[in-house]
Amino acid sequence: MSVATSIGWTRDEIAQRVAQDIPNGSYVNLGIGIPELVARHVPQGRTFIYHTENGLLGMGPSPAADQGDPELINAGKRRVTMMPGAAFFDQATSFAMIRGGHLDLSVLGALQVAANGDLANWSTGADDAIPAVGGAMDLVAGVKRVFVMTTHVTKEGEPKLVPSCSYPLTGRGVVTRIYSDLAVIDVTARGFALVQLAPGLSFEFVQERTGAPIINLALEASK
Amino acid sequence: MSVATSIGWTRDEIAQRVAQDIPNGSYVNLGIGIPELVARHVPQGRTFIYHTENGLLGMGPSPAADQGDPELINAGKRRVTMMPGAAFFDQATSFAMIRGGHLDLSVLGALQVAANGDLANWSTGADDAIPAVGGAMDLVAGVKRVFVMTTHVTKEGEPKLVPSCSYPLTGRGVVTRIYSDLAVIDVTARGFALVQLAPGLSFEFVQERTGAPIINLALEASK
Amino acid sequence: MIDKRVGSAREAVADISDGATVMIGGFGEAGSPIELIHALIDQGAKNLTVVSNNSGTGLVGLAALLRAQRVSKIICSFPKTAGSTVFPDLYRAGKIELELVPQGTLAERIRAGGAGIVGFYTPTAVGTPLAQGKESRVFDGREHVLELGIRADFTLIKGRVSDTHGNVLYHRTARNFAPMMATAATVTIVQVAQVVEAGELDPEGIVTPGIFVDRVVHVPSPALESALNEVGASYP
Amino acid sequence: MIDKRVGSAREAVADISDGATVMIGGFGEAGSPIELIHALIDQGAKNLTVVSNNSGTGLVGLAALLRAQRVSKIICSFPKTAGSTVFPDLYRAGKIELELVPQGTLAERIRAGGAGIVGFYTPTAVGTPLAQGKESRVFDGREHVLELGIRADFTLIKGRVSDTHGNVLYHRTARNFAPMMATAATVTIVQVAQVVEAGELDPEGIVTPGIFVDRVVHVPSPALESALNEVGASYP
């Protein structure tokens, strides 16, 4: 069993940081995987309503192991529960919510994010890969604010924040903000811009692990 | 009080004749006015399910005078009832039924029907008329069989079955069959074709009151 | 804790500004949100574009809004219902613009606006005056017309019951345009005869999910156009 | 008297011919009409085009239909669910064609097919490989892709309860694609755990009105993919 490195934020700390940026009463779609952790860290006094694109608004936490209903599931096909005020609907209605701009926020994982906000998160384009996209392209095209939660670099140490994506795109210019284990970074008209560093990390440390320049607004302001 | 002429079919007889041509189990939309009479003449042993485009499938007959619910109405904004197995739905769903070809039959009134099946039934194009179309254009574009119920001529004695419509169209080439007080006439690739004469009327009598040639298939067959 | 209730119809419509596009539910009187419309008349916004299937009857509700000359344009399928005199008079006097749209195309354009579908092709209206000036295109040998989605600044609709999250149920054929209008506006305001707590409605039977609703106004005994017209009412 | 019940799943799928396009409901196992799919395997039709969001898991249901090599093409958004091995093997071996469609576009294309909308413009997939070869067009300064409606010869779906007119209710997230698939096929077949007489369901709460349903099959205790896979079942 590997031990997590002590550098930067843990997954749960990233999730907590994301949750801090979500206003009370928001309608939120959490992507499969790491983004699901956000639901565990709702700040005191706030209520978020979770949408799962397979047809439920008002999704609640997972049921106890070996409990739950195999036909009450989330987009990751895992059993979930429902909250008071929940509603079930069909796929056309669910994606009308997404495509029509009714969701406040989508939190997604990433393979690569480009400095212009392009996102690649569904395929590495490998020859033997089975192509599968699900609702990712609809989410990034329809939801106004798209947050990405990701490790800052790949397991091989390659930057995931890049000048331009080499993997097939999920959407063009769609990412609003990136929450990694090392930093919170906005996508701006001028490219990546630092919002916050993880505790103990320097700007240079993060820049070295990023494939494109990061604007340091604090530094610029002090000049 | 005027007395109806004894020539040809009465309105109720036309409605009865239309009903004879509707198969058991059909989903039917009846236009406002004369077509509504069809509902009174369902042949023994058949069930028709009536659709009203304002959002009800399984519409039943009118309630007793001063009874009924002002928010349970038909497309003519008159109070109706509902039958066992009825369903309410919104306008997008209602017109998905129409446009998607799910209704078996639409019975509509007419101002003019052309020999090529063009229908004009929403406007005389008069300068001072208030334009209003409702669902007529959707019905003729979406429902596969469109029956027209009409007097054969106008109050002024002008033919309503014409070589081509002078009034603004509701749809192009959409009418399947015409039921008038004088005859039942199909719209075919070769133009109007006689199906049946009202009792006591001659082919020539009907042809004289029709603005375009009527093919007399029985006559052709006997040649 | 989410609670979309606002205290009154007046409060709910307070920020509708001059020149706004406003969708108003109803097919005839069924589903017409009369109390919200009257609040809008009181509020005074003018130069409105209204999207509604009809144009109102008598001197109340939608007809009263038109009569107050607050509406410069109406997008509509059937503006001449029996008992409708206000619209015809304004139209003949050249005081209101009319965009006439087939009923099903109107419903689908509103749905498209709410669903992020910018445009669609339909066979409805091909070869008629209502297709004039519209782009057309042949698919599978049949001509279709390009129709564009409609969006609005505000939607005013009437429901039967809502919970505090804005999940709405309707009453019979009063449902008509409300579910799609709820999706197509920046701000959707619904008046309902009953408000319940979140969790009291069956999640399987919700017609309009709360995500589409911004403000819920409790109007316990909504008026009906026909009842008001019977007693010769006019508003204000 | 209208009664859309047929005696068995076998009877319901008897006229599905080789080369047919078949829509199959379900998001993962939720809503998958396993008994109808198994009847289709028994029936033997081949060279099918299947429209379904996933590709099945294990060796039962949709995966079993694929494994029997009855499907030449699948139109799908996510064919690699955990536990899915049949499709990946066939795909890598070049034995099945895949048309990959974003999930929301798939849902909307099916809805369009059922609603008589031949095509529509969506921003989804612009700039991605899934928009390649598709016509695009700028509306309001934003690029959109033209997507076409999908229709099928048959639809196989699962509901919770139906009346004899074919009015259907679903169970929770098993609803997913079923309501729109019901509208988009020449023949729609629904398996339900319960059948009731017309008039027993609330007309306000019908999810799929009976006009969209042709055949109702009573399957009192439908199997679930996960339960069958747990015991290592395979079909036939």
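The first chain written gets the first letter, and so on, giving A, B, C and D; residue counts start at 1 in each chain.
Assume a contact is a pair of C-beta atoms (placed from the backbone, for glycine too) under 8 Å apart; a residue touches a chain by one contact, two chains touch by 3 or more.
A quick note: this is a predicted structure, and the numbers were derived from the prediction, not measured.
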item: Selected pair, greater C-beta contact count between A-C and A-D; value: A-D
item: Rounded Å distance, chain A centre to chain B centre (Cα mean); value: 56
item: For chain A paired with chain C, centre-to-centre distance based on mean C-alpha positions, whole Å; value: 36
item: Euclidean distance of C-alpha centroids - chain A vs chain D, Å; value: 30
item: Residues of chain B whose C-beta touches two or more other chains; value: 88-89, 92, 95, 98-99, 141-142
item: Interface hub residues of chain C, defined as touching at least two other chains; value: 108, 111, 115-117, 122-123, 170, 172, 204, 207
item: Contact pairs between chains, per stated definition; value: A-C, A-D, B-C, B-D, C-D
item: In the complex with chain C, residue positions of chain A that touch it; value: 25, 27, 47, 49, 51, 57-58, 82-89, 92-93, 95-103, 141-142
item: Chain A-facing residues of chain C, complex; value: 1-2, 111, 113-117, 163-165, 167, 183-184, 197-199, 203-204, 206, 209-212
item: Chain C residues within the chain D interface of the complex; value: 108, 112, 115-123, 139-140, 142, 144, 148, 169-170, 172, 202, 204-205, 207
item: Of all residues in chain C, those that touch chain B in their complex; value: 27-31, 53, 77-82, 87-88, 91-92, 98, 100-108, 110-111, 122-130, 170-180, 207, 224, 226-227
item: Chain C-touching residues of chain B, taken from the complex the two chains share; value: 52-56, 69-73, 77, 88-92, 94-95, 98-99, 118, 128, 130-138, 141-142, 168-172
